[in-house]
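Each structure below appears as C-alpha cells.
Consider the two complexes below, in which chain A is the common component and chain B and chain C are the respective partners.
Take a look at the complex of A and B:
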C-alpha cells in the first residue's frame, strides 16, 4: 500500500510540474462550455425569408405582418417577379420564399381557394422542414381566425404545457450534451496520451520492472486524473448553473456521484486506448475517431437518437455519453432520483469494469 | 525545389512505417463518414403518446383516432389517471401526454368549448416545438370537421380556405444525408490532416531529431512545405474518395464543377494544415499541441454551421466565423455541390481562405527557428 501511495504521489508531481499542460487542461473545458452553451442552438430565430406578393391586398399584408411578428422570421426582401426566387435562394439571402397567389383576398371566402406557396431552400432539409412547419402553423391560425364566428361555439381548444422547459430554452438540450462530450474527451485523452507518452519515451519500462501489479499501475495512473477531472466536472456544473441557468432539481449528491462515475469510466477508457496504441499520435487518433465524432453524432447531443435509423440507434447503445446525457437530464432538469436512472448508471458502471479489466489483461500481455 | 521533395519522401516513409496508424488515416474516416452521415437528422419519425381519456365518448375516440391515423403519433396504451401517464413522461418512455377530461363531448355538443391538455417533454425544445406543431395540426383538422360538419375531402364550399403548397428546391426529396455528407467529410479529412501536421514537428522536437534537420542546408520554407505537402496529398485523396463513395452510396450530387470542389478543398487544406504546423511550432510537447488542436478544431466545427444553422447563433459568434476555416469551406462545398454555384459566387470565400492560408503559413515560417535550442 505504501508502495502504491508513493506511485500515486509521483503521478501527481508529474502532472503538476507541467504547468502549461495544466493550464490547458483546466482552461479548455471552461472555454468550451461557455462557447458552446451560447452558440449551439437549433432554435428557429430570425430566419431570413423573402415574399413574392402577387395580390398586395389586405389579407396578404395581414399574413405577412403575422409572419414578421412571430419573431421566428425576418423578411429580407420583397420580390417583384417569380424570376427573382432563384437568385435569393441560391445566394442564401433567404431560406424560403412565401408566394401569395393572385386575387388572394377575393378568392379567400370563395370556392376556389386562395393560394400560398412556400418555396424552401431544401439543401438544408432540417431547417427547411422547420421553416415550413412554422409557416404552416402561422397560416393555419390565421385561417382559423377567419373561420371562427366571433363567439366561439363548439371548438376544441388545446392547452399545451411544455413540461420541464416552459420557456423552450435550447440550453436544456445542449448544455448536458456539451458536458458529456467535454468530460469524456478530456478524460480519455488525458490518460491515453500520458501513458502512450511513457511508452514512447521509454519510462514505462521502469514502471513495468517495478514490483507494482498491473492493476496498481492502472489505478495509480487514474487516481490523480480522477481529482483533476472531478474539479473539471464541478467547474462545468457551476458554469451551467450560474451562467446558463440550468436547474438542479434532483439531488446534488447523486449528481456529483454520477459525474464521478462517468469521469472514472472515461479515464479507464483512456487507459484501455493507451494499452492498445504504440505512441501518442495513435492514442490521439483512436480517441478522436472512436470518441469525438461518434459522441457528437450518436449520443443524442444534437440529433435525437429516436430519429435515427435502427442500426445507428443500436450503435448508440455502446456510446457511454448517451447514458450520461440521460442521467444528467433526469437529475438536473426532471428532478428524478436514482429510481429513474439506475439502469443507465449500471451500464456506465459495467462499462468501467470492462474497460479496467481489459486494460489489466492487455497490460499482462505486454509484460511477457 | 528538389530539397522539398526529399523531405516529402522522408515524411511519407515515416507515415507508412507506423502500421498502426494506417487504418486510422485511410479507412476510419471513410467508414465513419458512410455510417454516421445517417445519424444527422432532426426529422421526427414517431411521437409516443400516453393517452388519458376520461371522457370515452364518440368524439373523444374520434379525436384519438385522428392522432393514431397520422403516421407520426403512436398511442401504445391508455391510462386512467393523469399521474400514471405523467410517470411515463417522467421516465422518458413517452414524449407527450394527451389528456381528454371528462365532459369533453358534452361541452362540444353544448357549444361551450372543450379543452384537451397536451403535456410535452420539452427538454429538447426543438422536438417539443415539432410535437406541438403536429398535435395542433391534428386538433385543427378535427375542429374544421366539427365546424363544417364534413371531412376535409368533401370540404370546400362556404368556409374560407387557404391552400398552402410546398416546393423544395435543390433537394426535392429532402434527403438530409446529401446535406450532411460534405460537412462530415470535411471534418474527418481535417481531423486526420490537422492532427498529423500539428504533432509532426513537436514530435521531432521531443525526439530530438529536429536538430538533424536544423543542421542541414534545408531552408525554413523548404521545411514548412516539405512538412505540409504529404498531408495535403493525403487530404486531397481522401476528399476524392469521400466524394466517390458519397456519389455511389447516397447519390450525393456535385451540381457545380468538380474542379471547383477540388480547388476549394485544396485551398482549405493549405489553411488547416498550415494552422496545424503553426500550433506545432509554438508548442513544446505533443500533449499540449494535441489538446490545443482539439480545442480549436471542436470550436471551429461546432460553430461552422455544419450541425446547427449559423443564423441561430448570436451575432458575435457569427462574427467569429470570419476566422473559421470550416465555416468557409462548408458554405462553399454546399453551394457548389447542392446548388451548382459557379466560381463567381464562391470566389469571395475562396480568396478569404487563400489570404488566411498565406498569413498562417508565413507566420509559421517566420516563427520556426532553426537555431532554437531543443
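Take a look at the complex of A and C:
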C-alpha cells in the first residue's frame, strides 16, 4: 500500500511539474467544450435570401413580411427577372431565392394552385435543407391561417412537439458527445503517453528491476488520472450548465458514477495502447487514430448511427463512446435511471475488465 | 559453489539475426570487483541486461547468487542493484524525490539504509532540491548509484557507470566502490576506460560478443605475450603515421607521451625501428622495449592481432 501511495505521489509530481501536461489536461477540455458549444449548431439565423415576386400582390407581400419577421432570414435583394437568380446565388448574395408565381393572390382560392418556388444553394447541403424546411414551415402556417375561416377544414393537421429538447438546441447533442470524446482522449492519450515516456527515457528499466508488480505499476499510473479526469468531467458539466444552460434531469450521483466508470475504461484502454508502443509519438498516434476519429465519426456524436452503412454500424458497436453517449443522454436529458441504461453500463464495465486484463497480461516484465 | 556470486554458462543472444553474445561463460566470486572490458558494440550492455533479468538469453543459463535469472527473476531483482548505461531516473523529480520514491518502491526508507549510501549521498545533499535532469554527469551517476544501493543489494551491476564523468568524480566513484567491496558486496561493471580495468580484481575482455580472456588485469597483460616497443619523440603524431607503414607492425597506437608498436609474427627488433625512423628523418627518437598493459592487449585484440603460441581460444 505504501508503495502504491509512493507511486501515485510521484505521478502527481510529474503532472504538476510539466505545464504542458497541465494545459492538455485542463485547458483543452474547456476550450473544446466552448468551441463545440458555439460552433456546432443546427440552428440558422439571419440567412440571406432574395425574393423574385412576379405577382406583387397582397398575399405575396404578406408572406415575404412573415419570412422577414421570423428572425431566421434577411431579405437582401428583390429580383426583377428569373435571369437574376443564378447571379445572386453564385455571388453568395443570397443562400436561397423565393420565387412567387404569377397571379398569386388570384389563384389562391381556386383550383388553379398558387405557386411558390424555393431555389436553394445546395453547395452546403445542411444549410440548404434547413433553409427549405424553415421556409416551408412558414408557408404552411400562413396557409393554415388562410384556410381556417373557410368551411372546408384541412383533414390532417400535424402538431409537432419536441420532447426532452423542446427548443431543438444543439447543446443537447454536443455536450454528451464532447464529454465522451474529451474523457476518452485525455484519459487514454495521457496514460498511454506517460507509460511510453517511462520506456523512452529508460526509467521503465529502473521500475522493472524494482519489486513492483505489473498490476501495481498500472494501478499507480491510472489513479492520478482518474482523479484528474473526474475533475474534468465535473468541469464539463458545470460549463454546460452555466454557459449553455443544459440541465441535468436525472440523478447527479448516477451521472458522476457513470463518468467514473467511463474514465476508468478509457484509462485502461490507454494502458493497453502503451503496452504496444515504445515511445511517446507512437502512443500518441495510436491514441489519435484509434480513439479520436472513431469517437467523433462512429459513436453517433455527429452522424446518426442509423444512417451509416451496415459495416460501420457494426463497427460502432465496439466504440465505447457510443454507449457512454447513450447513457449520458438518458440520464441528463431524459432523466431516466439506471434501469434504462444498465445494458450500456454493463457493456462499458465489461470493456474495462477486458482492457485491464489485457494490459496486465500484455505488460512486459522485461525489456523485450 | 558457495563463493560464486554470478555464474554464466554458454549464454548466446542475437538481435535480428545479428549475434550479440556468443557462448559466454564466466564466474564471478562473492566480494569481487569484476570488470567487463570491451569496445562499444561488444555486447556488454546486453550481457548486463541478461544478468539483471531484463532480457532473456537465447541459449545458456545465468545464476545470480544461485538464482536463475529467467525463472527466479523476481528474487534476482530483489538482491541486485542494477545501474543502466543511460541515466534512468526521473529527470523532472528532485534528487530527494527520486531517492524517496525508489526507497518506497523497494519497501524501505532513506534513513533505514543511510549508513550504506551516506558516502555518496553526502555529495548529493547540497543539491537535494535540484531536479535530477539538471545535475552534472558525475552527480547523476552518484544519484543512480544511491538508487541502486537503496535496497541493500548483494550484488551491484554497473553498466558503463563512469562514461562521460570527469576524472575527479570517477576517482570518488571508485573509492566508493572499494568501500562497498570491503563491506562484502559483489560488484560487476562494464567499462571502456582501461585505467578502470586495472582497478578491478579480475577482468574479462569482451570482443564481438565473445569473451577473449579472463583473469587479473596484470595476468591478462602478461598472458598475451605481446612484444611491445615504445617509441618516444617530439613529433609523436608524425612518427605514428610513419610507423603505420611498417609491414611487420600490425598495431601502432598513440599513448599519451609515446607510440606503442606491437610487432607481428615475424618480430621486430629495436634496431629495425630505429633504422626505419632514421631513414625517414626522425633523429630524436628513443626506442625501448616495454611491458604491455591491458590497454595494449585490448587494442591489439581489437585490431585482429594474432600471435602464435598465445592462447588461441575464441579467435
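A few points about this structure:
The rule is simple: the second predicted complex is superposed on the first by the 345 of 368 C-alpha atoms of A that agree within 3 Å, B and C clash if a C-alpha of one lies under 4 Å from a C-alpha of the other, contacts with A are read in each partner's own complex, and residues count from 1 in each chain.
Here is the rule we use: a contact is a pair of C-beta atoms (placed from the backbone, for glycine too) under 8 Å apart; a residue touches a chain by one contact, two chains touch by 3 or more.
Only a predicted model underlies this, so the values are computations on that prediction, with no experimental measurement involved.
When the two complexes are overlaid on chain A, chain B and chain C sit side by side with no clash. Once the two complexes are overlaid on the shared chain, A:340 sits against chain B while remaining clear of chain C. Once chain A of one complex is fitted onto chain A of the other, the partner contacts of A:7 are limited to chain C, with no touch recorded for chain B. Judged by the touch definition given at the top, the superposed model places A:18 against both chain B and chain C. By the touch criterion stated above, A:209 is placed in contact with chain C alone, chain B being left untouched. When the shared chain is aligned, no partner comes close enough to touch A:53: not chain B, not chain C. When the two complexes are superposed, the chain touching more residues of chain A, out of chain B and chain C, is B. With chain A used as the common frame, chain B approaches chain C to a shortest CA-CA distance of 11 Å. Residue overlap on chain A between its contacts with chain B in one complex and with chain C in the other: 18, 201.
In the complex of the two chains, the chain C residues touching chain A come out as 49, 52-56, 73-74, 77-78, 80, 82, 84, 86-93, 97, 100-102, 104-107, 147. Of all residues in chain A, those touching chain B in their complex are 18, 20-21, 24-25, 28, 31-32, 35-36, 38-48, 89-92, 95, 108-109, 111, 113-130, 132-137, 139-140, 142-144, 146-147, 152-166, 168-170, 172-173, 185, 189, 193-194, 197, 201, 277-282, 284-286, 288-289, 292-294, 296-298, 302-304, 306-309, 311-312, 315, 326, 329-330, 333-334, 336, 340. Contacts from chain B toward chain A in the complex involve residues 18, 20-21, 24-25, 28-29, 32, 35-36, 38-46, 63, 89-92, 108-130, 132-133, 135-137, 139-140, 142-144, 146-147, 156-157, 159-172, 174-176, 179, 184, 187-188, 191-192, 195-196, 199, 203, 206, 284-288, 290-292, 294-295, 298-299, 301-303, 307-309, 311-314, 317, 331, 334-335, 338-339, 341, 345. Per the touch definition, chain A reaches chain C in the complex via residues 2-3, 5-7, 9-10, 13-14, 17-18, 201-212, 365-368.
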